[in-house]
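Got a structure for you, questions after.
Residue numbering begins at 1 within each chain, and the chains themselves are lettered A, B and C in the order written.
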């Protein structure tokens, strides 16, 4: 049982997609999680629900709406075309956008839990030490949730690597561009190539297992971040 | 070592001296297309890569902006739709093959036949979802002719002929309707056992190729478009288990 | 230089804080009052952690006015929180350096080594906050606050979360602080001992209003403030050690209008001390009873009385000395004794003091 060029291509593409998605999420999730952790706004509930939606929605629903919104006749599609970016569905960039939304709760929730633990008090203490809110976020809040940040990154990466439904809807199964490992696996099964399918599936299982082992082995130290994930 | 080099080649962006065309391929034609792609690559610098799927889904993706150069559909109606929507010029289409429907069993001793469909012991038959698979619609019509009294027969729908094949192969149904090219070739059914459904029992499976907007600007797509209509491609297609399409 | 001026209004459903204070510069002002009286809120408003309406002025700088609101990080306050506020992700040295890096005023109040020495932090420098005791944490927090070079120190019950022993450990640091830096300090506390020991000026807050301010000893003996100044009414007396009786281990402390024998705590002759005398330890007689076990008695004049917590009890305000010219005391009597003795304001009596504590 070994992996052929098509499988390696798909696995590498998967890794690239997961890495890009994780990078975007690590930029996007901390401020959002912080806002959710400390805001007294009445919009907190709806926004938190929106972030958590991908946990309960079939990925195809998300994919479907993204297809409509980002497609040539969708509002966002019109925008990206006007900006000269073309349309995003069926491109690698489009997959990154979709994966970011799809994996958002996996990045935001552990961070939010850890940040709620850190709380506003840290920010107040920092303020009385001549540290403004932005600097305090970088030098006080983020360092205190660094373990949750690693957890968020690993989970985002693993979750993105395992996604299928969204990619199927807006990916288009293009080798080297959008044919990630899970989609190739589907193709292999349909072509009755069980040998190759086994090898690829096993690679995915081992990878996901390694990621989760990493996260859960550190649950003591990571405390509430992982606990929040387990509550689901 | 050679193997590693091969992987590396696949990871590289399309090489400077050749172009790549992206082809949306109906699931039933995926295996045949792989042979065609190899032969095509041997003729020049260009490459084609396949995105296999159910025809209906591929058309939906094209309508939403999927970057395909060519479509090899399982039917004619899908291309009609694309022409009507202005995505394909009327002259940029032709029937590249006519599909042959098979009632198939994974068991080589079962030898499916019209009689089998009448047997009350048979409770379930697999077929592609007629909603988005031309083979599914053909299978439904064939069932009307082969087993008119079997309203009780349970239908197990696959997403495409490819998934239908997996269902039957894995025992989800004792028999199912698939394409001949999936389970055999011009010489007949090679894997398991099957019954070739007469063409008269269903609307013809006029598998239509279309040159899409993007493909008109892509040298690789245009080259493959020519190749597909040539004598060599036609031999490959017929050998794979399709009836001859329109003359090129 | 004028001291801080604070005129603030902060209103929330069910609570209104409204104060107008001019505080003395370069001394420690204690802020006290029952819980829920708005002490912490006032401190937070001054620091800019809460947004109140009004004006905050410090040595000529306007921190807050109608058209102006300096955010907390731009006000030169140092803030010591009630509970641990150290950054968990940094060790003790890291916490101190965090403040040092952000100090604006030059020259600083003290440098790193001085802070470590003053608060005896050398053995703790590489420890994580989670591994420190409550007292150690507050020492680090104090050092960190000073390292940021504040011009006005705000302390919110910095000892409240500590047990008695730890409090005794920290108090000397606070006293040193005051002696060394001559910063204005606003110190929230509801512990009269702490206040008596540290404060030069006392502000009493009740239900969001300033009900009294002045010297701690004057306020402690005010009958109308008894409820606001802690659970156990007591008088505060400033005195000087006048005599030592080695045989009985006693010290005589002279104060305006009299003197008291107290347990010998090792103070030097001539040292200034503050005494706390609980109202329940003071009784009253019409003649000097020498056959009692009570050691301390001196003439005093009855100034006023007020209801106490129970209808059977009354609180008396006394002033030491035949003419009532000396230090104020509080005494707790039964209403029946009051009646039996026929006490009224202006009457001279003998005050008998069962015990007095030297605040050290």
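Following the convention adopted for this analysis, a contact is a pair of C-beta atoms (placed from the backbone, for glycine too) under 8 Å apart; a residue touches a chain by one contact, two chains touch by 3 or more.
Keep in mind that what you see is a predicted model, and the values were worked out from it rather than measured.
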By C-alpha centroid distance to the whole-protein centroid, which chain wins? A
Farthest from chain B in C-alpha centre terms, which chain would that be? C
Indicate the whole-number Å distance between the mean C-alpha point of chain A and the mean C-alpha point of chain B. 35
Centroid from C-alpha atoms only, then distance chain B to chain C, rounded to Å. What do you get? 89
At what distance in angstrom does the C-alpha mean of chain C lie from that of chain A? 55
Residues of chain B that touch at least two other chains are none
Contact footprint of chain A on chain B as seen in their complex: 6-7, 9-11, 22, 24, 27, 30-31, 49-53, 61, 64-68, 160, 162-163, 165-166, 169
In the complex, chain A touches chain B at residues 5-6, 8-9, 12, 67-68, 71-72, 77, 87, 89-91, 170, 172-176, 179, 187, 189-192
Contacting residues of chain C [partner chain A, same complex]: 47-49, 71-74, 77-79, 81, 85, 87-90, 98-99, 102-104, 144-145, 148
In their shared complex, chain C is touched by residues of chain A numbered 121-122, 124-133, 139-140, 143-144, 146
